[in-house]
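Okay, so chain A shows up in both of these, paired with chain B first and chain C after.
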Partner chain A sequence: MHLPEIDKYAHLDSPLHSWDPRVKIVSLFCLILSMVLASNLLVAGLGLMLAVALVFLSRIPFGFVFLHLRWVMLFVLLFFIIMPLTVSGEEIARFHFLSISRRGLELASLIGLRAFSAVLLVFPMIGTMKFSSTTAALQRLKLPNKLVQMIIFTYRYIFVALDEMGRMFMAARARGFRSGTNLHTLKTVGNLIGMLFVRSYERTEHIHRAMVSRGYDGTLRVLDEFALAKKDFLKAALVVALALGLYFAGWTL
Partner chain B sequence: MHIADGVLSVPVWTGCLAVTAAITGVSLRKMKAEDTPRIALMTSAFFIASLIHIPMGPTSVHLILNGLVGIILGPLAFVAILVGLILQAVLFKHGGITTIGANTVMMGLPAVGAYYLFRLHRLFKFRVSAGIFGALAGGVAVFLGAVILALLLVTTGSEFIVVAKLAVWAHLPVMVIEGLIAAFVVTFLKQVKPEMLGA
Partner chain C sequence: MKEAVRIENLHYTYPEGTQALKGISLRIYEGESVGIIGPNGAGKSTLLLHLNGILPAAGQGEGRVVALGEEIRRNDKRIRSDIGFVFEDPDEQLFMPRVFDDVAFGPLNMGLSGEEVKARVKDALRAVNLAGFEERSPHHLSAGEKRAAAIATVLSMRPQILVIDEPASDLDPRSRRNIIHLLNTFRMTKMIATHDLDMVLEVATRCILLDEGKVIKDGPGEEVLKNRELLEAHGLEMPLSLLLRSQNF
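And then the complex of A and B:
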């Protein structure tokens, strides 16, 4: 099993990488909103093109991006299979007893375009900086301190937990465990999950004591210093103008 | 089980976001400051355990485990699930940005429900009561999640009725698997580390 590294391409150099994290998160979030609100196929299509352009501008390789689209594809596919067959409306094609409705097809396409645009924008938004910058920016944007800490610690320890689980499954396989559709598999997996929980639970004690002995008092102190430049605001103005443009284009087009 | 961006109507996803923000605000206030690393560590364990795929005939399903999160973390499970979903959306692009609220409501509320359901096992003194209530809590949490998912889709538009029905049916086998897994995990914890179950 493998965990994708979201900030694998944080070291690149692009207009998106040099953008202030706080302004970047807020501006691109506005753009994501405008994609989700796209009310017709034309606007949603424009949105998708804009999202692709921003990924291109961020220099994050398209191969990397494509690998991460698996879940969205599955999700959109589900709607594409079901909605044209079940939504009532003008019939555009018919195979035996199946009839394809125009409205269903349009609705599924709209959902697909919106979902892909929103997901693509996560790459220029989060993938163009170190994850620690993202969390520091969230802290500065006044997200609750405890929530930001939860995100930081959880992110830090999922890699530890992943290694732990990998070792446990390897040991189980070495003892002859093969997974299949049976109760024995469920019982073995249940015990392994239980063991993972027990080990994490015990580790929390050690980690907590180690943190307290280093002066942890329950608050998070962010050391990253952000400096806003005129360029940051120019980029923000451009992106927010695009978002508003898309939104209002939906009313007139 | 995760809703991506671009499906739900604006009132639905903003409403869910508001509910999530309210519950998270209250939970964070109740959470002691020094508990943060502890809850986070358990959240990462749940995050990883939910990556496990269970073979089901020719295909496989991945675990949701929201019932177990509830059983072990209690009402704080809601925040744990929010954090898990934020990381899933960012790392795997599983879920969405605007739908984080909807997904948290869908999995977090049943998780808290599972906690209260599981607590009833103490009323019964026989040996396997923890396992039985673990199975109930694990299964019910998935079922409630599927029902909330269906409700969110249907409130968005009547075009989604068939998708919503299908989503509930598709979760029935998952419900059985989750229930059994929860029963085995709870039985294991009862023997090895009963204090984790609040005993």
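And then the complex of A and C:
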């Protein structure tokens, strides 16, 4: 089964990998923000180029990135279908009763470019370190402790739940279940998912028990193993400058 | 001999109404290695859970549990770093993104310094032959490695009593052998619940047979495990090694 392992390439060596996780997250977050706020196509295009360059710099294979980009593409495609047809403005083509507006096409492109750049940047941001470093950094950045714990447990148990689901469907198939488009399939799948919820609930109780028995009192503690160097700040200055550049370029261009 | 655990007339009924323990009394002394055996549903896990005071709050109970001179109440919220509890499913014991954080979890909660935490993690992983596994993510460990890592997560707290529920279920023969070997290297007081009677024979100095929430038999390991009629009357089978010996193979 394919598992969503964002930190598969955390062991590589690149300027992004060696960057302090906290500074990296904050800096790249600024850059993502500037891309999401891009107000015209030119700036958004520049942003996309920058994002691609950063992915390249991170040495994460593009194949891996595209694999994870499928859903974003689907989402963007949806906008490309809906917006040119629904947004009113100068008409550039017409098929029978459907009219395609230039304004709609532009808006869809803008949204597409923004989405792609932002999602692409996630890879140099958190694909370049172990997931444990990401969560430890988020914690050091004073993200609410409960939120960090939610992220940690979601990530840890998504694998367990997927395995469990795989096993349950396998068992159902072994007993002659074949999926099809009928009521029986729907009922079976519904039951299996219900089972999964019940098991997950029991599991959370058990995990909680295991945590409490090792002294958990509601606050998650991690060892602070980060060390800042001048290089970290230089990289940050560069990236934040780019972010500001993009943001202000949107006003003047 | 110094007493490690004293259980007096312990009763417990789950909120759903299952009477899991019906008057258990026993004493365990420091350095003993006690195998707790019994068929499914005998109450082994429920008994062990009383040692760290974590049971459904809505359950009904009476009796007393004293460990290392202190009374343990159900739903005791204090940290008991001197009692290390290894649960049956390692996936529930290993909940952090990497092995290091899991093994460091207990020590960090104990408020130890960073240096001390690191030293303990290192020692604990070495003790279970997982040196160098710090950065691995628990999901990618083999079943045997998960078991060992789960044990390391409590060893790092340096407990005086080690409580383990089913340490070798779903392990292949070699991993099972490794766990048996590991358990034999630990010097602290041990309480081990299992169906694996051959393992009990190897790791336990004493054996307690439970069924239907009561102590049926309590005695030196081999003595209990040799009693074929008794074991079979309670849904268990004599360890193969003893069976072979008794039939002079």
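To be clear about the criterion, the second predicted complex is superposed on the first by the 247 of 253 C-alpha atoms of A that agree within 3 Å, B and C clash if a C-alpha of one lies under 4 Å from a C-alpha of the other, contacts with A are read in each partner's own complex, and residues count from 1 in each chain.
Following the convention adopted for this analysis, a residue touches a chain if its C-beta (ideal position, glycine included) is under 8 Å from a C-beta of that chain, and two chains touch if they have at least 3 such contacts.
Only a predicted model underlies this, so the values are computations on that prediction, with no experimental measurement involved.
J.: After the alignment on chain A, I want to confirm one thing: do chain B and chain C clash, or do they fit together?
T.: After superposition on chain A, chain B vs chain C: fit, no clash.
J.: Let me test your reading of the model: by the given contact rule, A:221 touches which partner, first (chain B), second (chain C), both or neither?
T.: second
J.: Between chain B and chain C, which one contacts more residues of chain A in the superposed model?
T.: B
J.: Identify the partner contact of A:207: answer first if only chain B is touched, second if only chain C is, both if each is, neither if none is.
T.: Touch status of A:207: both partners.
J.: Per the contact definition in the header, classify A:135: touching chain B only (first), chain C only (second), both, or neither.
T.: second
J.: Which partner does A:189 reach: the first (chain B), the second (chain C), both, or neither?
T.: first
J.: So, A:51: does it touch chain B (first), chain C (second), both, or neither?
T.: Neither chain B nor chain C is touched by A:51.
J.: Given the touch rule stated above, what does A:160 touch, chain B (first), chain C (second), both, or neither?
T.: After superposing on A, A:160 lies in contact with both chain B and chain C.
J.: Would you give the minimum C-alpha distance from chain B to chain C, in Å, for the three-chain superposition?
T.: Minimum C-alpha separation, chain B to chain C: 9 Å.
J.: Which residues of chain A are in contact with chain B in one complex and with chain C in the other?
T.: 152-153, 155-157, 160, 203, 207, 211-212, 216-217
J.: Touching residues of chain A toward chain B in the complex: what are they?
T.: That would be residues 1, 3-4, 6, 29, 32-33, 35-38, 68-69, 71-72, 75-76, 78-79, 82-83, 86-87, 103-104, 107, 110-115, 117-119, 122, 126, 144, 146-147, 149-158, 160-162, 164-165, 179-181, 183, 185-187, 189-191, 193-198, 200-201, 203-204, 207-208, 211-212, 216-219 of chain A.
J.: Going by the contact rule at the top, pick out the chain B residues touching chain A in the complex.
T.: Contacts found on chain B: 2, 4-7, 10, 24-25, 28, 31-34, 36-45, 47-49, 51-52, 54-57, 65, 68, 72, 79-80, 82-84, 86-87, 89-98, 159, 161-163, 166, 177, 180-185, 187-189, 192-193, 196.
J.: Spell out the part of chain A that touches chain C in their complex, as residue ranges.
T.: 130-132, 135, 152-153, 155-157, 159-160, 203, 206-207, 209-217, 221-224
J.: For chain C, which residues count as touching chain A in their complex?
T.: So the residues of chain C touching chain A come out as 52, 54, 77, 79-81, 85, 87, 89, 91-93, 95-98, 100-101, 104-106, 108-110, 114, 117-118, 135, 137-139, 153-154, 157.
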